[in-house]
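Presented below are the structures under discussion, each in the form of structure tokens.
Consider the two complexes below, in which chain A is the common component and chain B and chain C are the respective partners.
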Partner chain A sequence: MAKIGIPRTLAYFLYFPFWQAFFTELGHQVVVSPPTTKAILDRGVEDAVNDACIPIKIYHGHVAKLIGKADFIFSPRLVSLRRHGDFGTETFCPKFLGLPDMIRVAIDKLPPVIDTRIDLKPGKEELLKACQETGDMLGHEGKEVLAAYKKALAVQKRFNQLLAKGVLPHLALDIIEGKKKEEDLNRDGFDLNIAVVGYPYVIYDPYVNVGLLKLLEKEKARVYTQDILSNKILNKQQKYIPKSLFWYFSNRAVYGGLYFMKQKDIDGIIHVTAFACGPDSMVDKLLEIECNKHNKPYLTVSVDEHSGEAGVRTRIEAFVDMLRYRRATR
Partner chain B sequence: MIGYLGVDVGSVSTNVVIIDEKGEVIASRYLRTNGKPIETVQKGLYSVGEEVGDKVQIAGVGTTGSARYLVSMIVGADIVKNEITAHAVAASNVVKGVQTIIEIGGQDSKIIILRNGVVTDFAMNTVCAAGTGSFLDQQANRLCIPIEEFGDYALKAKNPVRIAGRCAVFAESDMIHKQQLGYNIEDIIAGLCEALVRNYMNNVGKGKEILPPVVFQGGVAANKGLVAAFNKYLGLEVIVPKEHGVMGAIGAALLAREATKKTGQTNFKGFNIKDISFKTDSFECNGCSNACEVVQFYENDELIARWGDRCGKWEMSTR
Partner chain C sequence: MKISFPHMGHSYIAFKWLVENIGHECIVPPEPSKRTLDLGVRYAPEFACIPFKILMGTYLEVAEKGAEVIITSGGMGPCRAGYYWVMHQYILNELGKDLEIIAFEPPLCDLKDFWRKLHRLRKSGGLSVREFIQVIKTAWEKIKAIDDIEMRSHEVRPYEINRGDTTRALWKALDMIDKANSVKEIEEARQEGLKVINQVPQDLSRNPLKVGIVGEIYVVLEPAANHYIQIMLGEMGVQTDRSIYLTSYTRESAIINREEDIFAVARPYIKEAPIGGHGVNSIGETILYAKHGFDGVVQLAPFACIPEIVAKSILPKVSRDYDIPVLTLFIDEQTGKAGVQTRLEAFVDLLEKRRESKKRERLVV
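Let's look at the complex of A and B:
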């Protein structure tokens, strides 16, 4: 039995249930780094290359936090999850592709890294191959791995079903882990509907976005994100833009935005973006142009290293005021 | 006579106004915050209080600006509003049918788009404060020209030179370079004004449909050079309200009028808060590795509020 360390950021927010179930089923213990803190950010800023975006720096901090607590760091090389886009070449952002290499170079005293390559372009069965490869590294036989893989798929399915019901990923994770009950979720008392689009690790990490979702809840706004939409709905949106983007998470954010801006009961759209994100320079402009066409209020919230919430708060308050006035005069 | 008080505490200036029931300004103060919001508000309040004396009875108080929550506790505010809403309310009140508001303050610049009296879109500068009041202050200082005369210099220019306006550091080195080449100071200052407008339009105003009437407000609107540069760029006459420097405070007062109409009572603590001692201290929470700096706020040695923690552990149920 080994301790497998998983950083609580980046792909964690969408795919953790699968990998946790997989490793647990194989008899290992999964250790997750704690929620992002100032100390994690500081460590990340210290270790990561200077021109990386904040999420990548934070990832470094999370990995460092697992040193001494885990025998392995699970940092898969996420290449792609599907054949998608105009040339079928959609990938994750380049920094995801180089993630295992980056942490190896940047962080001292790192435990061995499990850097299984995940490239599902040829087909879904590639995931089982990746699992076999991962199982191999830990000395497991094919049969064992297959059983763990099946169990992991079932758990991930339960998680995805929660998302389909409108439960946001960070809450669905709490439910899967037994920290929260589904029936305890707050579903009443909202008088605005706001779609928040952007990358999971920016939207669901309250440290990075200085408590944006909580702030919206306080303002009585119910939050929807692209992650509660089915792939079918998301992919349908592709036809509304001349060309899809190259990056997986970017396409999800754009498609989600495109869907929500056509919904009458959605009052406005917020795009949360990490300062200096390359793909987002396109995502943000695209969403802005499309929102204008649909006459849907649009706000960009740009986050970086600042810990002060004043800037975000002022913008959110003003945005919510604006939506309420619009509603009242409609 | 009944009046409403509005307080706007921003990074550079603290503004206090009293309006009557019709929304006309009875008294106003424009003070430098100098990093001491509490003292400045106490001073400003005392001073307008002396001016209006017993003639005005305050029926509602509103606060806005980046220190709006702190100040709301000092004055006993009935409503706390963000700057964008406050500025929009004030401009709508002064210029009927306003469709675009350009607001440039000490460290913020914003654009607010209204249609049929409702805010439909807005934008604020993101991370960089180039082109806001503090930068102009600095440049005026460097050129040894009082900031009040900055605009007059710009108006005297015959051929404004081109200055890089994207970044305050670039702008400064560009200006120095042009000075060394022998261009005259009027043309350089006018060039700077045009650069700031260009930068504002590219940054804050990008993609926005700017329709007249356009109101230009905030402390920087006092600069005639910038007004001229905006007129030239937009091809129309921007309107600078008489009270352009205190519009945020006017908006807060108007919002207070609206808020107290429903409740019929106010939390106002009176003008004479000069003798109340307000103080803050802070400590580093060691509950987790966030190490939040928690601020504690005291009124006459009684702890009445706390903020600065991310998890809500230290929050007090004052509001």
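Let's look at the complex of A and C:
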């Protein structure tokens, strides 16, 4: 039995259930780094190349946090999850593509890194192959791996079903882990609907976005994100733009935004973006222009190492006030 | 149609000829200036990379001069460049500019679209297919000749006795290419041009430092974006070689894939390729320069350039393993010529000292 370390960021927010179930089923212990803190960010800032964006720095911090606690770091190389885009070449932000190599150079005393390459462009069966490869590294037989893979798919499916019911991923993770019950989720008392779009590691990590979702809840706004929409709905949006973007998470954010801006009962859209994020310079402008065309209120919240709660709160409050006023005058 | 295109180094000479000989009016894009950048910065998203901003500014400038169509390249990722045209078009529309961008996506991705766009340019220019092919071939020869001439100038400059002679000769040679109108004339101009550059008075007893230039294509190819770094280094007495030329670029990335060799060299350091832009190339080429006995490498990249950040994070290890100093210059709208000069001078100083101490070591042994 080995301890497998998984950083609590980036793909964690959407795909953790799968990998947790997979490794647990194989008899390993999954160790997750704690929720992001200032100390984690500071460590990341120290280790990562200084021009990196904050999510990548935070990733470095989470990986460092697992040193001494895990025998392996699970840092799969996410290349693609589907064949999508105008040329079928959708991939991830280049920083994801080089991530395992970056942490190897940047972080001292790193335990062995499991950097299985995940490229599902050729078909879904590739995921099983990736699992086999990962199982191989840990000395497992094909049969065992197949069983763990099936179990993992089932768990991920349960998670995805929760999302489809409108449960946001960070809450769905709590439910899957038994920390929360579905019945206990607050579903009433909202008088505004706000769509929040952006990368999962930006919108579901309360440290990164300085508690944005809680803030909205307090303001009695019900939050929708792209991750509760089905792939079918999301992908339908492709036809409304001249060309899809090249990055999986960016396409999801853009498609989500395009869908929500056409919904009458959505009062406004917030795009949360990490300071100096490359892909987002395109995503944000595109959403802004499209929202203008659709006459839908739009707010960009850009977060960085020094974002203060107060600053974000002022902007959110002003936005929410404006939406309420708009609702009242209609 | 009144056609324009992005400015990239001296390539406009060939593209201007191409547009005119297809039968269109060419609005030659001005060399990017402070004004170009200011315009770009004003209308582009804050965190767009600098090539995006400069092109944005260029498009607005040629729009003022009456351009109706921009011809540029597309791309299939993984980096932003392939999405430039979409956002440029969005922004131009928002500004109410009547400017259409025709982007050529890589023919390997969408051959039909590629032919459709070519067909449109040819038809509206009034050329037969045969004439059209001939014109394209000739333009290609022009680009190659321009690259040859420029390459030679970088070899000669560190030996020049009178500062600035080589650059003056380069312009003279480029002017000859500009005036050539057939494959034969281009070849003659190329020969003549090379001669003009070779005739620059030189001190061949010098043993210049050798520096390789790697990085993101636009800032490597556009001297106006990199503060004429190759001329600057040449005039400091340093011989530079750069990995990217338009001809090698198109040859490698679009038709033959010799890039694979570079990827293979880089593989011990980065297992994935490509990762967008020239990220993996920067790693592989640094190794190749080290193996070829270069004294140092300069990595040129736009500020916040995604693949080059990945490369930069890995280069320190390459630099240690191969014992070759690497200087990274990230360029943004605030980068000034003086700052670049100071950093280069310090770097060249370091390289000279290293060479000296290595020589001494050898003497002791």
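Criterion: the second predicted complex is superposed on the first by the 329 of 330 C-alpha atoms of A that agree within 3 Å, B and C clash if a C-alpha of one lies under 4 Å from a C-alpha of the other, contacts with A are read in each partner's own complex, and residues count from 1 in each chain.
Following the convention adopted for this analysis, a residue touches a chain if its C-beta (ideal position, glycine included) is under 8 Å from a C-beta of that chain, and two chains touch if they have at least 3 such contacts.
Predicted model, so just to flag it, every value in this text is computed and none were measured.
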Side-by-side fit of chain B and chain C on chain A, or clash: fit
Partner chain in contact with A:G211 - chain B first, chain C second, else both or neither: first
Touching partner for A:L120 - first (chain B), second (chain C), both, neither: neither
Chain B versus chain C as contact partner of A:I40, first or second or both or neither: first
Chain B versus chain C as contact partner of A:P297, first or second or both or neither: first
Contacts of A:D51 with chain B and chain C, given as first, second, both or neither: second
Comparison of chain B and chain C by chain A residues contacted: C
Which superposed partner A:P100 touches (first chain B, second chain C, both, neither): second
Vertex chain A; arms to chain B and chain C (CA centroids, nearest 10 degrees): 80
Three-chain overlay, closest Cα atoms of chain B and chain C, distance in Å: 5
Touching both chain C and chain B, counted on chain A across the two superposed complexes: 275, 289, 292
Sites on chain C touched by chain A in the complex: 45-49, 52, 74, 76-80, 82-83, 86-87, 89-91, 94, 105, 109-110, 269-272, 275-277, 279, 303-307, 309-310, 312-314, 316-317, 330
Chain A to chain B touching residues, read off their complex: 34, 37-40, 206-207, 210-211, 275, 288-289, 292, 297-298, 302, 304, 310, 313-315, 317-319, 321-322, 325-326, 329
Chain B - residues contacting chain A, complex: 66, 81-85, 116-122, 124, 126-127, 207, 288-291, 310
Residue ranges of chain A in contact with chain C within the complex: 48-49, 51-52, 77, 79, 85-87, 89-95, 97-98, 100-102, 105-106, 115, 117, 241-243, 245-247, 275-282, 284-286, 289, 292
